[in-house]
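Given below, in the form of structure tokens, are the structures.
Look for chain A in each of the two complexes below; its partner is chain B in the first and chain C in the second.
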Partner chain A sequence: MSKILNLKTPVVESREQRLGTIVNWEGKASELVKASAYSSGGCGSGSGCGLCELNSPFTQGSVCSEQMVECQAGHVREAVLIQHSPIGCAAGQVAYNSLYRNGLRNRNKPVENIRVISTNLQEKDMVFGGVDKLRQSILDAWTRYKPKAIFIGSSCATAIIGDDIDSTASELTDELGIPVIPMHCEGFRSKHWSTGFDSTQHGILRQIVNRNPKKQEDLVNVINLWGSDVFTPLLAELNLRVNYVIDLATVDDLAQMSEAACTIGFCNTLSSYLATGLEQEFGVPEVKAPMPYGFAGTDAWLREIGKVTHREELVEKYIAKKHAEVKPKIEELKKKLKGLRGFSATGSAYSHGLISVLRELGVESNGSLVFHHDPIYDSGDPRQDSLAHLVDNYGDVQSFNVSNRQQYQFYGLLKKFKPDFIMIRHNGLAPLASRVGIPAVPLGDEHLAVGYDGMIHIAEIILDVIAHTKFHKNLAAHVKLPYTKWWLAQDDPYILSKKPELIYQD
Partner chain B sequence: MSKQLKKIAIYGKGGIGKSTTTSNISAALVEAGYKVLQFGCDPKSDSTNTLRDGKYIPTVLDLLRQKPKVDAHEAIFQGFQGVYCVEAGGPAPGVGCAGRGIITAVELLKQQNIFDELDLDYVIYDVLGDVVCGGFAVPIREGIAEHVFTVSSSDFMSVYASNNLMKGIKKYSNTGGALFGGIIANSINSPYQQAIIDDFVSKTGTQVVEYVPRSITVTSSELSGRTTIEAAPKSAQAEIYRNLARKIAAHTESRVPTPLETEELREWSAKWADQLLAIEAGVVKDKKQVSKSKIYE
Partner chain C sequence: MSVSKELIEKTNSINQPRYGCSLGSLYTATAIPRVIPITHCGPGCADKQFTATAFYNGFQGSGYGGGAVSPSVNASEKEVVFGGTERLTELISASIKIMDADLFVVLTGCIADLVGDDVPSVVAQFQAKGVPIVYAETGGFKGNNYTGHELVTKAIIDQYVGDYDGPKEKKLVNVWSSVPYIDTFWRGDLEEIKRVLEGIGLKVNILFGHESKGVEEWKTIPKAEFNLVLSPWVGLDTAKHLEKKYNQPFLHIPVIPIGAQETSNFLHRVGTFAKISPKKIENFIKKEEDYYYYYLEGFADFYSEYWWGLPAKFGVVSNSAYNLALTKFLVNQLGLIPGRQIITENPPEEYQEFIREQYTHIADDVSTTVDFIEDGYTIGQELLKTDFGHKSPLLFATTWDRDVAKQLNGGILEISFPASYEVVINRANVGYRGALSLLEKIYTTAISRSA
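== the complex of A and B ==
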């Protein structure tokens, strides 16, 4: 097999380089399927791109790749993350600590604080180089915590001055006898933060995963975040055990990924790099199937797991059992949800899954927002084309918007689609929706929508949430939005990309 | 399957003849049947011009500026007898960060496995030698080049640049970085120039790979947009470059240099300056001076 990922260099290749990722686009989902690499062969092949991205002259805040390193490498138990950065990059530690603590509690693990240290670089470090401070911080972390691995995240500042974190890391790997892992995640390297996921996963593949694995035939790597433990009971029905990675995993859990029978995930955006890398480097097959949302997705996903782990019979039994159990309940819930309109605003592949769930529940979902779009995933296998799966099985999405969490655009979309509720995972979107009178279904627990039961969970949360619509309407009646009259009256959320000169009007 | 690729970096102070020397080495190596890629790491992006009839090529960073997704193959051009030429490129003078430019360009080629794909025998990085920031040190770090040579004349400023480079190499040497192969002594036309360089290498525990005299053949070849190897293949100067290329091809063991401390370097150059003044004033004859240089050994 020719190698897809280049693990020889410590620096991960950015998403836009590998996959042709875009962050600004509007149109029908079916058009995006056609323009994407699975159909067009354009992006991802290295020669040009069939997918034309809108170019915006304005960005209203976004997220940084380095933050994704904080919320992945920073959430590995028994490890320490060093942020080799000025102190500003450490601002996210507060939020990521709360996610970590809540995640641990949710999974019945001992609750503890994150162990993330910033090298707190200052003017003189920028001038004279910061590696001495980095070395000191690593040694301090070692003395203080005796971790099983130390991650180093770069920052814009250290990447510009060319601090050689790689040499420091290899030196200390030898000195301390634990993996010290450099991750090149400076924000400016990629226009989308998901490159940060990839850089953590790249480092783990290179330095933590066990190179002499003793196979565990019933172990399944589940690439996830902090979600509640829905995979253990699900996979137990197939006599399989769960190895959750990367968040909340121990260093040993990460090391044993090479011993697993296969790798699965809840979202291709998150799992693409690691799952492909595990297959390429360690022969652990990535389950190449649609994601586990709605009947169609979950059926196909389970069948592929059955095939890869040789448990076809158990899978068929489970599918039959769950269909019989879940379908009547869903029919009941559909009656209650009838006439509702939902709008999903989440990370890319996850949204494809959520729209499937909404459509299974008979909720109208003709508009949606994703924060970026990958025209292909790392494996290049068309069975993972989650957007095509959505369109083929559940029909087109008339207004499928790509926008990297731009609040001003989101406002325009809410105004246009007037949904009864939105579905979100990321902060900052619900308050805006509330202020225009729309409640949000928060999916901080990313596993809520997974599988057959996921449809029921989602239906129940929607019903709970719309019950307090009046509160949001009240709120909307009493708040003023920060936009100009021009923007409040503007019908096209993408107008600035089409007529950039408008940004200079008074 | 790729063969054993030899990765070389050639540094030197701006204007010292580093690109001229590098291009002639590349030309001599392709002439000898090797597959060579010359990678210009200077924002001026003219390293490979004489391998391509004096023409500039689009740089890796030009592509980065123009396209959302860079295919590094588009930055590779072939020149004299099939030599591969790449220019990192960089910002205009006075803006941006040329060091980061080198980091970005080198990384792009590494990530896209270009060297393996082209099945090269040699990659030669031609780098601006005043190693002013982390970016310019990238080629001497772990996994990029194995052997570093520096082009230096006997001018003190040029020797200083070589000494600085040695400091960089020494720093990275214990973390798997490149080691020092030696000095390519350029524009050496008189015994005292040779003596200065010889003295410097003995002080720093290194060696001279080749003495290259200043020659009008080089200038006229360059003006015609070609290397000496191409423009004047039968000249004595071309033979010197071939010899240099053979030595570099045969070179296997590089070492950690022992650069002089600032104070030592100052004293060293002051002693030589006194002698040069004496030569100019006619107090000391050139030949005597050479023998006097033995004192320092």
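== the complex of A and C ==
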């Protein structure tokens, strides 16, 4: 395979450079599939596709790449993450500690605090540079925890003042005898935070993964977050073992990724870079298939795993067994869900999967929102075109919106589609839905929707959450939204992108 | 009382942070009804401050203008290279059109402060057009939520409230106490403080939270007879500023009162300062104490004869305001023994000696010491080294200290930032009413461990 990813330098190429990522767009899902030109190499290939991004004069606070580094590199057990930054970036430790602790508990592992250290840069460091403090914090990390690896995340401030984190990392790798891994993840460098995933994965590929692997033919890398352990029983049916990475994994788990039979994931947005890198650098095949959501996706995904790991027969047996087992249950649940309208508002590829699940369950979902869109994933393989898979197997999505957590735009979508519930992962949109009377299904446990059982889980959670509607409707009758009457009366959530001059009219 | 003398050598490193950065004081702005912050910073800054300060800290919520509502420049490479004033100008124009606010507060982050964006000029253009808008330079490398808080309060006073040389309004007081959101229980605490001050006949500008009348109330700040700083140090800068600006005296009481004894003393001091008639003060205190001691009597049966033992020694790991207030209450009114006091918010040097001094006379017969430590790892090590005696201690601390509490086989109440395993709506821990709910929480925590 030709080199797709450039792993030579410590600096990862951003999503917009590699994949042509956009954060603001509206139209039909089928139009986005066409504009993304996946089969001709994607937007990023320079093949001249017609994907035009919208810009808006109004934006609300988003999320940055460094946060994704915290949630990945910061969640590797037996490692330490250094945030080379003023103290504000370290505020992120609070949220990611909660996720880490709850995730460990969810996976039946000993609960502990995250090990993240801020270099706590002050005003004078902005003038004289902060690398001495970086060195000190790395030594502190070593003294305190004797970690098996130390990650360093850059920040907007240290990128602007030009601190050379690469040299410090390289010196300390030699001095300490463990990988000290620089990650260039300053928030301003990419318009979408998912570049932070790539930045962590880039560092792990370069400095942690075992370069002299001893193959384990039954080991499967599962790129995930903190989700409950649904993959172990599933893959056990195929005589395969799970190697969960990156969150909650140990440094050794990360090192042995090169020994696995293949790599799978629950979301292309998250797994694209690492899975492609493992194949490119270590020959570990990435399972190139639709994601495991709904019958069509799960069937195809399992068959591809069967092919790659030479377990075709076991896979067919499992598929037949599960179809027979879950289909009657789903038929029952569909009766209860009949007439409901859902709206998926999550990260990009994950949303493609969730809409498939909603449609399998007979829940209407003609509108949806994703935070960004990658016209193509790193492998470039059309079998991973998850949006096309959705459109081909489950039909078009009439209003497919790309909006990077812009709550003001979300209001117009809720007004237009009047869903009975929304599905979310990231924070920020459910509070608005609540204030207009709509409950949210928060999928903190990202594995709940995966596979055949995922459809049942999601159906059951929807029914639980629909019962909350009473709370939200009551609240909606008693709160005032922070938007002007003028904005609340707009029907087009993207009007400011089309007519930015409106902001200057009285 | 055994305090380890050999603190781990302090370096620049901080893990398990006990505060965010100055930009975190965007939650000082959102705490004023109908005020919306506009953040001129990178894409993740406001979200980090939100999730830390207002979500995984009591799950207080985004309120009217916080969380994903706050407009933000989401600075990209373009704003770093070419400067962000143009983009900020556009964002402010758009915010005025889309957001329904009485006042906008522009807060800068590291990027704007490093590239040197002339934010004052941008904001001045809008101010000149009569737009209610102010700015504060809150780059993350300049300080934390506590210092940022006063940058915002002073910005609003100087740029929005403005000059005043009219008459003062009798019995009107401005209260500077809890810092919104970062102080997990600020809402309930401020309500109780307002309630008791009104009880003795004062008119109270509480300035933040539901009981504040928003910007209309802020406009009456210059009319107040005096400022009350109810905290070890936060608010002193503002009060000194107001002393010069509006010729207002201030009363500084470092101990936020918890429980009847301390609250009654507090009301005497404030009432005397404000020249309220002693009779009026006494009447209110009597009514409140009747109520308080009716319930305390009920509690006394449990406190005197619960069979299975109750904690004797306690540790407090928190910001200075709660540290001092809780230590006072637990020692004087419950008779607990201080085991370890650690102040975590890095009060400015000039106030540290004053704060230390408060611990030398916690009670007539109790003197103790306090350490100032910001780094969570060091705090953990120090707690593990502390001798809490023969029984399990009770820690008044944060989420970060849960694991240490387990190691010490102690109980923990998350009372300071961050409190990620605590849901806080309007619960108070201060005053008369707050003390009673605090007692419920302390002893529910203690005895739920019995079986």
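By definition in this document, the second predicted complex is superposed on the first by the 496 of 506 C-alpha atoms of A that agree within 3 Å, B and C clash if a C-alpha of one lies under 4 Å from a C-alpha of the other, contacts with A are read in each partner's own complex, and residues count from 1 in each chain.
Here, contacts are C-beta pairs under 8 Å (C-beta built on N, C-alpha and C of every residue); 3 or more make two chains touch, one makes a residue touch a chain.
Just so you know, these numbers come straight off a predicted model, no measurement behind them.
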| item | value |
| --- | --- |
| Chain B versus chain C as contact partner of A:V370, first or second or both or neither | neither |
| Touched partner set for A:V402, first chain B, second chain C, both or neither | neither |
| Contacts of A:D164 with chain B and chain C, given as first, second, both or neither | first |
| Touched partner set for A:I458, first chain B, second chain C, both or neither | neither |
| First, second, both or neither for A:T9, with chain B first and chain C second | first |
| First, second, both or neither for A:W487, with chain B first and chain C second | second |
| Chain B versus chain C as contact partner of A:L254, first or second or both or neither | neither |
| Partner chain(s) touched by A:G92 [first = chain B, second = chain C, both, neither] | second |
| Partner chain(s) touched by A:G129 [first = chain B, second = chain C, both, neither] | first |
| Per-residue touch tally on chain A - higher for chain B or for chain C | C |
| Contacts on chain A seen with chain B and repeated with chain C across the two complexes | 160-161 |
| Partner chain A, residues of chain B touching it in the complex | 68-71, 73, 97, 99-100, 103, 107-108, 110-113, 133-138, 141-143, 172, 174-177 |
| Chain A to chain B touching residues, read off their complex | 6, 8-9, 11, 13, 16-17, 20, 22, 43, 46-47, 49, 53, 129, 159-164, 166-168, 170-171 |
| Residue numbers on chain A that touch chain C, as the complex places them | 56-67, 85-95, 97-98, 111-113, 115-123, 125-126, 133, 136-137, 140-141, 144, 155-157, 160-161, 186-189, 191, 193, 405, 407-408, 427-429, 431-432, 480-487, 496, 502-504 |
| Residues of chain C defined as touching chain A within the complex | 11-17, 19-24, 36, 39, 42-53, 55-57, 61-62, 64-65, 67-77, 79-80, 90-91, 93-101, 109-111, 114-115, 139-142, 144, 376-377, 399-400, 402-403, 418, 420 |
